[in-house]
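Dropping the structure in here first, questions after.
A, B, C, D and E label the chains in the order they appear, each numbered from 1.
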Amino acid sequence: MTAYLQVTDLNKRFGGLQALRDCSFTIAKGRITCLVGPNGAGKTTIFNAITGFLAPDTGHVAFQGTSLDGKTPQQVVRHGIARTFQNLRLFADLTARENVLAGMQDHVGEEPFAAIFRPIHTARTLAAKRLAALDVLAHVGLQDRADTLVRNLSYGEQKLLCIARILATGADLLLLDEPTSGLSGAALTEVMALLRRLQSEGKTLLVVEHNTRVVQQIADDVLFLHHGHLLAHGSPAEIIADPKLAEIYFGGAL
Amino acid sequence: TIKLGAVLPLTGPAAVVGTQEQRGIQYAVDEVNAKGGIAGHKIEVIFEDNQAKPDQSVLLFNKLVDLQKIPAIFTGYSGPSLAMAPLATRKKTLLVNGGAQADALDKASPYLINTIPVLAGELEVLATYLFADAGKKTAAILFENNAAGIAGRDDFLGSFEKAGGKIVAQEPVPFGDTNYRPALLKLAAAAPEVLFVVITSGTPQLADQIRQIDAKFMVAGNTFFSDPELIANPNAEGFIHTQVLINAPEGMAAAFKAKYGTEFDFFPKQYYNAATVVMSCIEKLLKDGKPITGENLRAALFEIKTFKGLTTTVFNTNTAATQINMNRITAKADTTIKVIPPK
Amino acid sequence: MLWLNLLLNGIVWGCALGMVAVSFSLIFATTRFFHVAHAAVYGLGGYITWSALKHGLPEWAALVVGVAVCAAVGAAIQKLLYERLDRSGATHLVILIASLGLSAVMQNGVAAIYTSNILQFGLPWGNRTTTIGGALLTNTQLLTVVFGLASYAGAMWFAHRTVLGKRMRAVASNPFLAEITRLQPRQVHVAVMAIGSAMVCIPGVLVPLDLGLQPFGGVPILLTATIAVIAGGVGSITGAFLLAVVIAVLQNLSLLIMPGEWSIGITFGIFVIFMLFRPRGLFSS
Amino acid sequence: MLLELSNLAAGYGSKTTISNITLSLEPGQILALLGHNGAGKTTTLKTIMGLLPARAGTVRFDGSAIDRLNVAERVAAGIRLLPEGRGIFADLNVADNIEVVAAQNVGTQNVAGKPITGAAPMFRPHDIYTLFPVLDERRTTRAGSMSGGQQQMLALGLAILGTPRCLLLDEPSIGLAPNLVERLFAQFHSICKTHGVGAILVEQNVAAALTIADRVVIMNNGQIVFDGLPNEARQANVWDYF
Amino acid sequence: MDFLTTYIALAEIYVLLGLSTNLLVGIVGIFSVSQAAVFGVGAYLTAFLLMHSSTPFPLAILLSAALCILLNIIVTLPSLRVSGDYFVVTSFGIQLLATAVFTNWTGGTGGANGLPGVPAPILFGHEFIEPTEFMLLSTIGMALGCLCFWLIMRAPFGALLRAIREDELAVAALGKSVLRAKVSAAALAGAFAGSAGGLYATFLSFIDPSSFDLDASILLLTMVVVGGARTLAGSVIGPFVLLALPQILALIDIPTTIAAAARQLIYGLLLIVFMLFRPQGLLGEKL
């Protein structure tokens, strides 16, 4: 059986810095995998490599048996992988609903030809999509904020909207970069519940997370990254029990 | 009052020339008005600024003709003049160009009158003089990269080669740029016997820069060299040039300078002259009791045919013939060395 | 020896351009909007100095007057115009348009006062020549090189060695932090505008000393200087100066192989292609 | 009392975001300001800093009202903010970062703008390098290219240079791995205790914040809903607000 | 009233150009200062076709639009690699390069002399030579342009363009092709500019490089900003206001010799004051 997502021997160097070193791992379908490691370990870089934002120096990524090597970000999304960003990257001057709409695929009228020559059809499908977008927002509990400009949403709401936006792409594998950082208790619980719910709906999640409580509660598997190298792969309990990893993560010199 | 129009570049980079032209017209008109106008009619010129752009010129032409029913409009620069020419034909409005010398202006419209000869005639005189009288067999050309300069280059090239000479190099300089050094260096490297220059402004700077490279060639120019600042520049010693003859009486030049603080240069003189031509036509129409329309003005112009203003201007065609002098700049003065009367 | 002459000529012109580029770079790197009225300040410097000379001041004093007036005008522009626009949350496009308006005001003001005629400084020593490596250079040109190199060195020293210079770079890097660490970004902007404007007065005098004064003469030189600033990499003084010299030399040397009317076009063509290969300029961080 | 807020209100546009904020801070005290996202913590800090005008109430520092002082004057008096995100000059190297801020010699004026005579700065560049030896090693490194943890140390260094009297720390632990958080918090703690600097620490990492806090204030919807000792906070049912 | 109709016809042509500029600069956020160059290519091509071949007028306009679509795509493509300030100046370089070509390629453009005698448009056997007649054509052109602009702005394409303005990377991460969207927008802007060029050349019957230089590009930007960037109404009103302004300023009585400079000075002052007090333009969103 081929793995759902297979990452083989990724290497990436930025100038003198080896950001990724022989990273190989697989992710099983339907599970929540947490990617943990100290700052600068290369977690975001792995995301970038999988989603086509960064060409690794060497190594391969395959999704459901298809190679993603050399694919552009938009092609990767079409294969069913979507990601969020550590610094959100929402469209601040658009409304929450428009942000979700931007994530939806196969829009009629998303190129000028149809927009100009099939105006009625465009308007009609747009109306339908707007309703669909409301459903997606309802999924993360933002239906009331649909027509609020993103800049006026609270930080927690913005974090939720990031997830809504990639849900709208219809992707099955979601890569979330620190979805809970900066969130307070209630919002945090909400996001954790959302992640569980997404899992139960058949999505597969790869999550970068610093909060150990969150990792313990949601992760099925944990990948531990250090200096661009994958040190361990196991259940949360195993990883946390490993004194060597704990020393790297919790102790160590500044 | 009788209203005339003028569409000239009064701001922007082309304003160097445009504002001089404006002063020439204004001076002539003020002079006439001070004497009580033409048969009791005061003259007023409405100046419009086209920044040397064709679309503005067309708009302003329509404005003057439509809103003010203007019979005659002064223009300068060939681009704007050519843009307005078809309108002049359609609206039977006299366009009077006193400064631009591109050959295309000659036949652009029956209503486009040039009170200054187009360059072809002037440069034929120069080329012949250089080859035959001065014995120069090779020439290089430095021209301003605009309509006037290109026409100058083409005309000189044609005439000089026809006379038997050879053009060894040619270089353009952008309009308004007074850094001629790279072009001069390149032209000097071709070792011509004479350098022909056609640039509208910045001639004193040119003289300095020619002196700096220690040039061995003779420098020749057209009427644009009649710039008092150039003549006063010691580095212009020995330059020769044609001059579309236009001379202001001593007192007049002084009065002009007193009024505007700038020299009574070539362009003000030319437009002074153009304004006199138009006003003579108006005078005739008034005397004949005819309405002052573009059509009548044009007819009057060809009836009068020979105008004696600052220079004798003869209209056999739309373009005036005037006397042309060959001058040499010596000891900060312009001396005539040959006279070519109007054809 | 045509090439040597052209090369020297290019270097001289490059130094003049480089002074404009360096002064513009200081301002642009700090404020990040296109202060196109810099061209008008350049022009103003020349006219003020010219007037001071006509009033009988010695050359050096006239230059000092010009520099001082430019500095004051630069500071005033920042305080009275850009700072207000910035406070009202104007975007860079809006500031650009306002700056265009300002240059229209300044240049036409100069044109209304001094006329559009080309004015000459008429300082005989400026045209005297010296032979250098087989080429004749005027005193003005030599002065241009001297001042050009001095301006470059001065700007480098200022930006990287003085506290005000470092403060200026700090403000550019993180305006919010600058505000809360009391670097007083507003004052720094005013200071930078004053310094940049004072600096541009020098080419504003030296170039017209050689080529004559024109009210709109600053525009083409600023355009080319801006290109040098960007191609050199925003914030890099060395990049701005070096590229200014390179552009000037290229434009001169290109005459060796093609007619002059194409040299400007080709230079800009090369620039566009260069930007495709180095989208953040030569010395980008 | 070092800092006193009484009935403070502030907001953006037509909206009043925080109101009735009353709290006080003593020298050497660390006050943890907690609350869920959007509760108004950052807004409170900004108002203290003078970045946002108070719509009602007063801010008193060292016993005098400072509502009329601008940001620069408040900084001069020793109120210092470590902003959300990375508070460093990313394009300058480490040494220049420290130098430009040190040159402003902040914290040596009283609230009336008069220099405090004879007072030497509490933290000079040298002291920062001693506190964070890793910065010393990286003096010539461009600040923006350091790791997240190093950047945060530099940011803290910049915030305490001169003579800080009151530190406002806005979520210093965001995006930092646990090892770094612990280290940094230990530094805060010792700085405040040894130099008598008061600090308001805004944190989502409640556990970490409680380890060093002397007092806890919890905000909800722009209001203070709890003000007490960490132990009381642990027991009170204030956690419903999260 | 030829003056009024000339003014309207010119303003309408500039509206098309304003739409083109607004689409790129206001909507997509590609800060291009080379729209006048594209405009010029459209004008020269139409002029060339009408003067040197028997191409009918509508076909000439279509061909100009087609060429400008292609050209605008090419000149906008650097924005994929070169960003922000760097692109502004790059497109500036493109504009200067184009001016150099217009001025010096004597065979194609008539060089600095310009091209006089471009024939008036002929449609259904009728020659649209009087401004009043021509205004009919330019009005149709402007109306079509506005309709297209309105349609795309309300379609998902409009939202996509706005999203690109805010964050290209995020758009790519959502599976959308930034390249395709930018190319489409550039094509549309090119079509507007190209047909505007064709109308301009046939209306004036004379064109020269001075209409298509950097100043012209900057005038377009000014029109868009004064009218109000990012909105349709803004691009319509901007050209009308800015073309009328000099005529209104001409009514102020100033001694002739300094009048022109003084009016330009007032124009500059007005711009400054306007930007200070209404940075979002007459009918625009806050930018």
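Keep this in mind: a contact is a pair of C-beta atoms (placed from the backbone, for glycine too) under 8 Å apart; a residue touches a chain by one contact, two chains touch by 3 or more.
A quick note: this is a predicted structure, and the numbers were derived from the prediction, not measured.
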item	value
Touching chain B and also chain C, the following chains	E
Touch-network distance, chain A to chain C, counted in steps	2
Between C-D and C-E, the pair joined by more C-beta contacts	C-E
Most widely separated chain from chain A, with each centre as the mean of CA atoms	B
Farthest chain relative to chain E (centres taken as mean CA coordinates)	D
Separation of chain C from chain D, taking each centre as the mean of its C-alpha atoms, in whole Å	42
Distance between chain centroids, defined by C-alpha means - chain A, chain D (Å)	32
Whole-Å gap between the CA centroids of chain A and chain E	42
Length of the line joining the C-alpha centres of chain D and chain E, rounded to whole Å	52
For chain C, residues contacting two or more additional chains	108, 111, 116, 261, 264
Multi-partner residues of chain E (at least 2 other chains)	103-104, 261, 264
Residues of chain D touching at least two other chains	none
Chain-to-chain touches, reported pairwise for every pair that qualifies	A-D, A-E, B-C, B-E, C-D, C-E
In the complex, chain C residues that touch chain E	28, 32, 34, 81, 84-85, 88-91, 93-98, 100-106, 108-109, 111-112, 116, 223, 226-227, 229-231, 234, 261-262, 264-265, 268-269, 271-272, 275-276, 279-281
Contact footprint of chain C on chain E as seen in their complex	25, 31, 78, 81-83, 85-86, 88-90, 92-94, 96-97, 99-101, 103-104, 214, 218, 221-222, 225-226, 229, 258, 261-262, 264-265, 267-272, 275-276, 279, 286-287
For the chain D and chain A complex, residues of the former touching the latter	34-39, 132, 134, 147-149, 153, 171, 174-180, 182-183, 204, 206, 239, 241-242
Chain D residues within the chain C interface of the complex	49, 51, 71-72, 75-76, 80-81, 83, 87-92, 96-97, 99-101, 103-104, 106, 142, 158-159, 161
Of chain E, residues touching chain B in the complex	1-4, 6-7, 10, 103-104, 106, 111-114, 116-117, 129, 131, 200, 204-208, 210-211, 215, 243, 246-247, 250, 256-257, 259-261, 263-264
